[in-house]
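In the two assemblies presented below, chain A is common to both, partnered first by chain B and then by chain C.
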Partner chain A sequence: MRYLSDVAALTRKDLLLELRAKETIPAMLLFVLSALTIFHFAIPRGSSDVAALGLLWVAIVFTSLLGLTRAFVPEREQGLMDALVLAPCDRSTIWLGKTIAVIAFLGIAEVVALPAFTLFFSGLTLKTVAAVALADIGIAAVGTLTGAMAVAGRARELIQPLLFLPLSIPVIVGGIGASATAGPKFLLFLALYDTVFVLLSWAAFDFVAAEA
Partner chain B sequence: MVRARNLSKRFDTRRIFDKVDIDLDVGGFLLVTGPNGSGKTTLLRVLAGLAAPTGGELELPVRGEIGYLGHEPLVYKQLTPHENLTLFARLYRVPDREQRIRSLLERFALWDVRDKEVATFSRGMQQRLGLGRVLLHEPKLLILDEPFNALDTAGAALLDEELATRSARAVVVATHDPERVEGLATERLGFA
Partner chain C sequence: MFAIAIVSVFFWAPSDADQGLSQRIFYFHVPIALTGYACFGWGAWKALRHLWKDDPNADLESYVAIHQGVIFGSLTLITGSIWAKISWGVWWVWSDDQLVLFLVLFLFYCAYFMLRYSVDPGPQRANLSAVYALFGVVLIPVSFLAIRLSHSFIHPVVFTRSGAQMTGTMLTTFCICLAAMLVLFVTLYQLELAGKRLDTRIRELKELLT
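Showing the complex of A and B:
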């Protein structure tokens, strides 16, 4: 119960920070809409829907990278990881609180991005929407962990994409697979990715936070 | 409270400090002095449990019993003083949370601005809030790194008072200005 109360306090803090600063979500919205607009004009008329869906997943991954790069900015700029790791709460609550906030930011970006995609390209199936929701969990879990690793490193702006992008390749494979093929195989693949990486990130955060 | 034997810290091959011994009990006051870059901050981070020593033995209170104030006030600038203290009070499981927050904000003359964003505060006000944060959970070991640097006269007087009435805790202070707390020190550690 205390664990959940700590997670709620930390998530509330991250949502409040974004509500006040209004930096991450507007940037993500602008980026994803710009990317989709560019893709709309870049891909030739008559290209397949699968190609367009591939671009949707590229836009989602890079939009999430933008949000994730900013996830630990307050802690990094103001040295606040020190204050958080000294608190007697389980350190994984810091990761979970941040991950939930990142999922919320991604969700808001996608509420705008998915209708924009249907406007520019083609309609979306329910399965694609489910794949996006599943992908958000994995992206936020892994990206929050790599974001915390980047806080500890010197070349922070480089470390986050270098760590996150290779780990997000299975999300793109699963996402496009779920969008373009029949059957639940790729949705299950995304669910498995989420399970594995949520558990790994949850367990590893204590060590990462100790170094941050 | 704090026991260190042959404590050392290196970054790669660079020696930061070596063979440091500390014995500090409740009511004790360790004054750490030395020029910039001499290793004071690194020692304080090791004593706070924020950095691991590379050698020696170290005995510290458990995590929630340490209060650490570094060069930054370690508060969220986009939140208000009340929101900051509420967050840390929840994480530190402070009993009678609202009452404790109110008493600290009043003590550090921040009650009237409790709902304003910290980003609008002067550096001195932010440092006073940082002190409020670090005292919120009544730590048994209080570690302060150059705490007088950003404080105005009133804030420094409040800190003097807090340090003088430290009976329930041990205190470690690193400062360029040792005269200010010289009379309180029970232990001294000088870095060259």
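Showing the complex of A and C:
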């Protein structure tokens, strides 16, 4: 119970910060819309809908990257990480709180991105939406952990995409598979990815967040 | 050991009926790839030892194993590419699962080095590297599953459930080559480890002197 209220407090902190600063979400929204516009010109007329769906997944991953890169910036700038680590709560609550906040940001970005995609390109099946929701969990879990790793180093934001993109390849495969093929095989795969990496990140965060 | 392997590859093993001489690269390509996996596995095991038991040597050992793994991984990509050119006529095929998997792993472990060199040496660097190395071994089966789901299968599946589909001499040659590669890995691993330890020791002595 303590654990859950700690997580809730940390998530609330992140959402409040965003509500006041209004930095990440507008950037993500604008980015995803610009990306979709660029993709309209990038794919030639007469390309299949599957190609457009592939680009939707590219847009989602890069938009999430934009949000994830910012995820630990407030902590770093204000030196908050030390305080959080010293706080009398389990360290994995920091990760869980941040992950939930990132999922919320991603969700908001996609509430705009998915209708925009149907408007610009083609309709979406319910399965694609389910795949996006499943992918969000995996992306946020893994991305928050690599984000915490990236801010520990000198290269900071520069290194986050390098750490995150190879890990996101299975998500892309699962997402495009779920959009383009029939049957629940790829949704199950995404669920498997989520389970494995959520557990791993949750267990590993203790070692990542150390006093600077 | 390596000499025996080379001799048996070129003079003892029968040529493949279908692919002829070029098939002989198989005896290098596959053992190199398997040794690469062994390196990553060993690196992750040492990473786990570091996080779990706080073994003071494990961090360096994990790093050295992964460094060797990346070298074997690059060799796999090169030999695989040569083999693909000869037998399929192209340098690169996306439909080949193993090759794509090695590319993903190569990118992943290059990021490992970026991470390691962007953090100052110390316990934090050891922890971050170890966590990332552990992510790597989890990524191997997950990406393999992903890639297999996403593509048709071109690679000749040699090891099936009913056992290896090779003649006796071919299997023996293959095992000799695999053993030779593993011995090569262990030797290089020990060498690099000894070098790194010597380096640390010299630094310590230097600091004592000044």
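By our rule, the second predicted complex is superposed on the first by the 210 of 212 C-alpha atoms of A that agree within 3 Å, B and C clash if a C-alpha of one lies under 4 Å from a C-alpha of the other, contacts with A are read in each partner's own complex, and residues count from 1 in each chain.
In the analysis below, a residue touches a chain if its C-beta (ideal position, glycine included) is under 8 Å from a C-beta of that chain, and two chains touch if they have at least 3 such contacts.
Computed from a predicted structure; not experimentally measured.
Trainee: Look at the residues of chain A and decide whether chain B or chain C touches more of them.
Mentor: Touching more residues of chain A than the other partner does is C.
Trainee: Looking at A:Met1, would you say it contacts chain B, chain C, both, or neither? Reply first, second, both or neither.
Mentor: neither
Trainee: Counting only touches as set out at the top, which of chain B and chain C does A:Leu16 meet: first, second, both, neither?
Mentor: first
Trainee: For A:Leu86, using the defined touch cut-off, is the partner it touches chain B, chain C, both, or neither? Pick first, second, both or neither.
Mentor: The first partner, chain B, only.
Trainee: Which partner does A:Phe207 reach: the first (chain B), the second (chain C), both, or neither?
Mentor: Only chain C is touched by A:Phe207; chain B is not.
Trainee: Jot down the residues of chain A that show up as touching in both complexes, chain B in one and chain C in the other.
Mentor: Looking at chain A, the two contact sets intersect at 210.
Trainee: Per the contact definition, I'd like the list of chain C residues that touch chain A in the complex.
Mentor: Result: residues 51, 104-105, 107-108, 110-111, 114-115, 118-120, 123-124, 127-128, 130-132, 134-135, 138-139, 142-143, 145-147, 149-150 of chain C touch chain A.
Trainee: Using the touch rule from the top, collect the residues of chain A that touch chain C in their complex.
Mentor: 145, 149-150, 152-155, 159, 162-163, 165-167, 169-170, 173-174, 176-177, 185-186, 189, 192-193, 196-197, 200, 204, 207-208, 210, 212
Trainee: List the residues on chain A that touch chain B in their complex, please.
Mentor: 2, 5-6, 9-10, 13, 16-17, 20-21, 74, 78-80, 82-89, 210
Trainee: Can you list the residues on chain B that touch chain A in the complex?
Mentor: Touching chain A from chain B are residues 45, 48-50, 52, 62-64, 66, 68, 70-72, 74-79, 83, 87-88, 90-93, 117, 133.
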